[in-house]
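Two complexes are shown next, each including chain A; its partner changes from chain B in the first to chain C in the second.
The block that comes next holds the complex of A and B.
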């Protein structure tokens, strides 16, 4: 059944396929258009360069009047990302506008990577290192970047586990 | 008992004399006096001397007085080139400080207009709400053949449905609402918000009735936020009540010093719908109990095992056949549905033995406790607690019953008036002829509320002679409340039988109902005034 939220998400998908912003990609799950997998490539000339960070976007029927819940599933070391992968970004909370779509959400997150907001830290350690020990911070970020490359293998393992359980 | 300088014994004497005076009036006064019945529920039941003053508000009245008054003044001062919509937005932006609007307007109008999200003069607002053909809305991605769209001077155009959703979400902030486009700062005028809602929610492009400005959705939302954020304003805690109250002045009392003796400083206030509540603890009118006693009592009631208390307090086994009975309204004269045994709900004794000493079962007998002395002391404390708790909850649940009656009574009133109208002997008939019924129920409910809290009061009270005076005042009030409650129970059970019966019953009991409700209000006042004086003089003390 087609609902306003689903129709809008299908348009978002078309737009992502036709002219995706550089460094981001996203697509709905094959069986559920309300859940999306997304990948953000760390922008060049930043500590996050070449990282492949994976996210889940969960929409509800209120979309686009309410923002989706967005969560990193890759390990992140960033002042505005919680340990759970949830992130603290104004346009996903009180500054949401119904004109935003998947592509603008992802580009916003992409630019947040190298431009963290230290005033409202979700990860205090990351915020402190960013402020006072930048080299330490870069080192920790690089570790997550390297880990992000190995995730495909890790993910396959997870899938195998799921099958075993079934 | 009016003067606090009275000698102790005068207190006692006067208190009883007053009661007996009234007793005569209650039984002898046979003349109808409907005007006095309206008085009872309008009076605030609190000690005669009270230092609390307050304003009762409703949202429309508040918006009119606090917001729109400034708007009217600003309109009169004629700021050049401003439309009414602009003025309202400027005022809202400046948090209804008309002086600031005027100052900024003459200081730097360009900046003011920009900040408030208005097109800078000489550019005028060009907002359009119109029907258009073949339109693709970029928010919902619908392709409409024909649709209503809205746009501000910025020409960012979206379909009305999307605007409706968007505004609906934004209203909760109470702030001015801007164009959907996130980097566009233009403000949607208040009137347009209501227009958009009216069109979408009524599914018609013709607006028949324009809502008055004091019911404007954004102004209402804004006023709500204002009330929430101010400590001198509080919403009425009564269920479904939309009124709120502003505390203008009250005696300051320090909650930390539990020992205060003056219950007249408890800030009992009333909302626009005549619900009384305590501004300090945001609970219903809990006089004669001080707030700290209320807090303690509620905590105690919550701490003790809920289920046992509930079963013990809300159900009783029929003394004859032992089936569990829950009382859901009416008076304390119970008849078991199963075995038709008649008993008193309070003491579970035979009803036939109750005739004269009817409300003796109200008092906690110290003699009884002497037998209990053999048993462990903790058991006694529990029993004492349960004694008061049970009576407290009996009145609480009876109040719920009264609420149900209040709902039914309007039908009864209509039935009564209809039937009287058909009667040709009756020449003049007015709605006020039946008004004594709802008035009486309110008096009954208020009486019960006070009565309810007297049990909490009595639980924490130290033993003294004045406690006995208090208890006999409690008895008097209890008796009148029960009498009135019994009449209402008769009326509601008869109301299903038909018009003629109910009219006869109401005609027969009219005087009695009016007198009883007056008596309730008076006795309630006596009880609270008595508690006030005795506490103040240190004649009664709490066992903290």
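The block that comes next holds the complex of A and C.
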């Protein structure tokens, strides 16, 4: 059955297909438009460079009047990401606006990667290393980047442009 | 070639006639459908699914879309586009709808006048401070 939330999500999907921001991709599960898989590529010239970080977005019928639940399923080392993968990001909490869509949510998370807010840390260790021992911080982040490349056991639904290697 | 008409749908186009708003090319920021189409809750465009024009800002929405947003406490009565307090122009919808919308706007005003709650302040600080 089509509901306002589902119709809006189909528009979000169309926008992602037609004009996806660089370094992010997302699509709903084939049998459930309320659950999305997404990938954010770590931005160039940051410790997160080339990481392929996977997330799930879970919407409910209140969308877009309520934000989705967003969670990293890739291991992250970031001051604003909890061990559970959940994020501390103002636009996903009390600065949410119904004008945001999947594309703008993912772009915001992408820019959060290299612009952490250490005043409200979700991962205190990451926040402290970021502040006082930057090189150790970078090292820990690079580890998660490398691990993100080894997540082949997860589903490959999002890699729709397969590269043929001879 | 023989053409057989299997099914036939009556079709007509129409536009809102509100001078000087430039709304025609605009999409509703909430549902992302044009104002000549309906919000996701309605089947028929036109009087049944009117537009609301922002007064303090120039942001416009389907009546049903902005109502759903303003019904949320978390909206704090703010325009979803620019986060100014949302106020609206009269005259693009019926009196009943106007009353409902006004009640929502007034509700948020009353909440604001009771004073800022703590979580808001926390988040203002969160936004305002610079990280060195």
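Heads up, the rule we're going with is that the second predicted complex is superposed on the first by the 152 of 166 C-alpha atoms of A that agree within 3 Å, B and C clash if a C-alpha of one lies under 4 Å from a C-alpha of the other, contacts with A are read in each partner's own complex, and residues count from 1 in each chain.
FYI, a contact is a pair of C-beta atoms (placed from the backbone, for glycine too) under 8 Å apart; a residue touches a chain by one contact, two chains touch by 3 or more.
Note that the structure is a prediction, hence the values are computed from the model and not measured.
Chemist: On chain A, do chain B and chain C fit together or clash when superposed?
Modeler: clash
Chemist: In the superposed arrangement, does A:150 touch chain B (first), chain C (second), both or neither?
Modeler: In the superposition, A:150 touches no partner, neither chain B nor chain C.
Chemist: Considering only the touch criterion stated at the top, classify A:11 as touching first (chain B), second (chain C), both, or neither.
Modeler: both
Chemist: Considering only the touch criterion stated at the top, classify A:66 as touching first (chain B), second (chain C), both, or neither.
Modeler: both
Chemist: First (chain B), second (chain C), both or neither: which does A:98 touch?
Modeler: After superposing on A, A:98 lies in contact with both chain B and chain C.
Chemist: Which partner does A:135 reach: the first (chain B), the second (chain C), both, or neither?
Modeler: After superposing on A, A:135 lies clear of both chain B and chain C.
Chemist: Decide which partner touches more residues of chain A, taking chain B and chain C as the two options.
Modeler: Higher number of touched chain A residues: C.
Chemist: Contacts for A:84 in the overlay, against chain B (first) and chain C (second): which applies, first, second, both or neither?
Modeler: A:84: touches no partner chain.
Chemist: Shared contact residues on chain A for chain B and chain C?
Modeler: In chain A, residues 4, 7-8, 11, 64-66, 95, 97-99 are touched by chain B and also by chain C.
Chemist: Quick one: in the complex, what on chain B touches chain A?
Modeler: Per the touch definition, chain B meets chain A at residues 138-142, 162, 165-166, 168-169, 180-182.
Chemist: Quick one: which bits of chain A touch chain C in the complex? Just the residue numbers, please.
Modeler: Residues 3-4, 7-8, 11, 15, 64-66, 90, 93-99, 101, 116-120.
Chemist: Along chain C, where are the residues that touch chain A in the complex?
Modeler: Residues in contact with chain A: 29-33, 39-41, 65, 68-69, 71-72, 74-75, 78, 80-81, 83, 119-120, 123, 125-127, 129, 131.
Chemist: Across the complex, what residues on chain A touch chain B?
Modeler: Touching chain B from chain A are residues 4, 7-8, 10-11, 64-66, 91, 95, 97-100.
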